[in-house]
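We call the chains A, B and C, going by the order they appear; numbering starts again at 1 in every chain.
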Amino acid sequence: MDLLLQYLANGIVNGSNYVLVAVGLTLVFGILGVVNFAHGEFYMLGAYTGLILVINYGLPIWAALAGVLVVAVILGLGAEGLLNKMLKERDATSSIIASFGLAVVLQNSALIGFGPSPMLMQTKYSTIGVEMGPVYLPLQQLLIPVAMVALISVLYLVLRYTWTGRSLRAMAQHAVVARMCGVRVQRVAVITFIVSALLAGIAGFLMSSVYMVYPIIGNMIVLKAFTVVILGGMGNVAGAAAAGLLLGIVESLTSAYLGNGLRDIVGFVIVIAVLLLRPQGLFGRTFQRS
Amino acid sequence: MKKNLSLVILVLLLAAVPFLVQGSYIVSLLLLMLVYVILTTGLNLVTGFCGQFSFAQGAFFGIGAYTAGIMSRDLHTGFWVHLPAGMIITGLCGLLLGIPALRLKGHFLAIVTIAFQTIVYLGLVQWTSFTGGQNGLPVEPVGDVSLFGAHLFTIDGLRANYWLILTATVVLVVIAERLVKSRLGREWVAVRDDEVLASAIGLNATRAKLTAFVASAAFAGAAGVLMAHYMGNIAPDDYTIWISCTIVAMMIIGGKGSFYGPILGVALLTLLPEMLGDWARYRMLFFGVLLVLAIALMPEGIAGRVRKLRATKEAQA
Amino acid sequence: MSTAPILEARGIHRRFGGVVAVKDVSLSVGVGEIVGLIGPNGSGKSTMVNLITGELEANGGSFLFGGQDVTALPPYKRARLGMARSFQMIRLFGSLSVEDNLLLAHHIRMQSSTLDTILGRAQAVQEEDAVRAKARELLQWFEMEQFAKRPATDLSIGQQRMVELARGLISMPKLFLLDEPAAGLSPPNVDRLVGIIRRMRDEFGMSILLVEHDMRVVRELCDQVVVLDSGVMIAQGHPEAVVNDPVVVEAYIGSGWKRRAKA
């Protein structure tokens, strides 16, 4: 039982990471209809920004975090300009291909700039651990679910109670009508992309102390994020949160009881099954398959 | 007629290259290019002509290669068994991938193909007892070719493999052309352009999509077997999503839906980076930039742009 | 004519979520008959056409085509049995030439196998050439043979509509469903359309189900008219009788008109 709780705790940590990465993507994919395969690069560059600022420049964590936020905003703006503003009118897969190209560019820039050797964020908090009954988590890992809950709650409140949030929900229903009602669709799109980059960048930054960072970590993360987006229902923030935690826990249990090799595969098998059997996701509403 | 003649001349020129150049660099580059011609032509069948997006061509490439490797290890068979076996097994996997395609469109289909590609890659890496994992598998070269017991020649080493692959490429490209020009090829285009209308005039869209997936996968399988026997050793990292992405890029830049456009795209994307010389480090980066520029500014590809220019000229005349 | 009708719809029901689009509708089209299907906007006419062709699945009821129960068949199988249709919003294969559009519609009638065409066997090549010649002949009948090799999207709306009709004809259907064929056509083109539809029945023996808003077309062509309102059939019979039926008038114009007229 004790072991099970530990596995669950590990699963929640990983799951929280997935939630942070996936929530931004569900807004971009679910509402703007843009498939952004470079989303994993927001995560990767968030991690590298933090690492470089802390390790190479000796900045304190807070300053590094600020740097991550700045980089994320720039990336979000750039991605929106390319994938949304330019390619909106085209067929569905143009944005996929363009985002692949963007991902290649960003990954290879990172490879050239930072080298292929993995890096890990070591800070004075690295050795501190927290015990909660039979469960042990390093402080840096515990931070992740905490940050996730805080950020997602803020996001949820913003979506419900602010004009921007309502605009976004309106756009999800019908972009043309939303524009006619005065929603500044372009501005909302930019904000959405920036938010998605910020959340992913922060996730990368937080996780840089948990797992090694190297230029291609974005690949797997973006696929997991799409899995979570689809499981949770496109555009559904609460759904993505639930699905992200679920995926983290399922992976942790799979790794523990079925073998580590199946850990990554299980998510992809699930997403194919979901797309075939229940394309609105586990928590989404039914929609017409085009 | 003129087109056929120029193609024959091109093939003869390609065949003559090993006699015309020193060293192995150019021949091995052309060999790689030919393998990608097979891969990209195959992808063009399902994505360009039938309109079903597939990011899984790299996975089928790998399945073909590993068919050769695993059969070689466990059944001690050779290339001439592996080639048809590889194409059949990959074709069946293509059928498997085609089934979700029947119900999904656009983004969702693309995601399923990406998930499939990733599952295959992860399977190759993780299932070490079957695939050898990251250590890879050795594959014997094609070896002796005999007809009725009489030894004709041995296919071993760069030149022989180059000519074998050139022959295979020509054969497969001809097959692809026949498919595209046939009734099946027209039905692929009909399903791509308007599936509802295609059904309304009595065409079986399911059959069209499944045959397209099977054909494109079989092409990748053939490429996989050929490459495996040439390289002598195969490993999972040769069959990643980035290979799939490269193939998609070649098809897009060349012009999807045109028959020879993607082949041009292959040539461009294999040869251009080589001309970077000292800047070769930046090859993948350059490649990514090219892809983004192409999809943003010229989504119809080179062939498509040429076609448009010709049409405008005709209209003005 | 005492032969069985080519199309029989019995008790057709179709729901979209909470909205009943078609409620217990029955109709039939006799061999060689032109039946009109009319009704105000949203009455379920196009839905009915989509149910007949199989694009939409009926929630209840059955369809008999040439005496055969086709209710469970997907659209492509119904087309192969001899159902052709045109669409309210013109649908053509834009990337292909007019001739290729017609050729594709004839695929289901070809004798040679698909494999033969892949192999390029003489028999298959000859058959395709023959069908292309037939397509050009058909275009001549429409006085459009000069457009044979042009991309379908090059043509004007009126011409595209004719191509749609030609496409339906070339497969020699038993029943041709026309969904608002006069929509968007200029008056001279509408006249041409009426003439062509009449010739399709007279010269080719085709049965036709015609969904239309243009009453002139309906009155000139139809042997029989069925009227839908809010998914229910409210009248059926000879065009003149139906058009003057007060129930039908009320459906189109609304009862408020009568009340206000009385006051």
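Everything below uses one rule, namely that contacts are C-beta pairs under 8 Å (C-beta built on N, C-alpha and C of every residue); 3 or more make two chains touch, one makes a residue touch a chain.
Predicted model only: the values in this text are computed from it and were never measured.
Colleague: What is the chain whose Cα centre is as far as it gets from that of chain B?
Modeller: C
Colleague: Which chain's mean C-alpha position is nearest the mean C-alpha position of the whole protein set?
Modeller: Answer for the innermost chain: B.
Colleague: Find the geometric centre of each of chain B and chain C from their Cα atoms only, then give the gap between the two centres in Å, rounded to an integer.
Modeller: The separation of the two C-alpha centroids amounts to 43 Å.
Colleague: Between chain A and chain B, what's the gap in Å when you average each chain's C-alpha atoms?
Modeller: Whole-Å distance between the two chain centres: 33.
Colleague: Return the distance between the CA-based centres of chain A and chain C, expressed in whole Å.
Modeller: Here the centre of chain C sits 50 Å away from the centre of chain A.
Colleague: Residues of chain B touching chain C in their complex?
Modeller: Touch residues, chain B against chain C: 178-179, 182-184, 186-187, 189-190, 193-194, 196-205, 257.
Colleague: Per the contact definition, I'd like the list of chain B residues that touch chain A in the complex.
Modeller: By the definition above, chain B touches chain A via 53, 100, 103-108, 110-112, 114-116, 118-119, 122-123, 126-127, 241-242, 245, 248-249, 252, 281-282, 284-285, 287-292, 295-296, 299.
Colleague: With touch defined as at the start, can you tell me which chain C residues reach chain B in the complex?
Modeller: The contact residues of chain C facing chain B are 53, 55, 74-77, 79-80, 84-85, 87, 91-96, 100, 103-105, 107-108, 110, 114, 117-120, 167, 171.
Colleague: For the complex, which residues does chain A have touching chain B?
Modeller: Spelled out, the residues of chain A in touch with chain B are 29, 33, 35, 82, 86-87, 90-94, 96-98, 100-105, 108-109, 112, 219, 223, 226-227, 230, 261-262, 264-265, 268-269, 271-272, 275-276, 279, 289-290.
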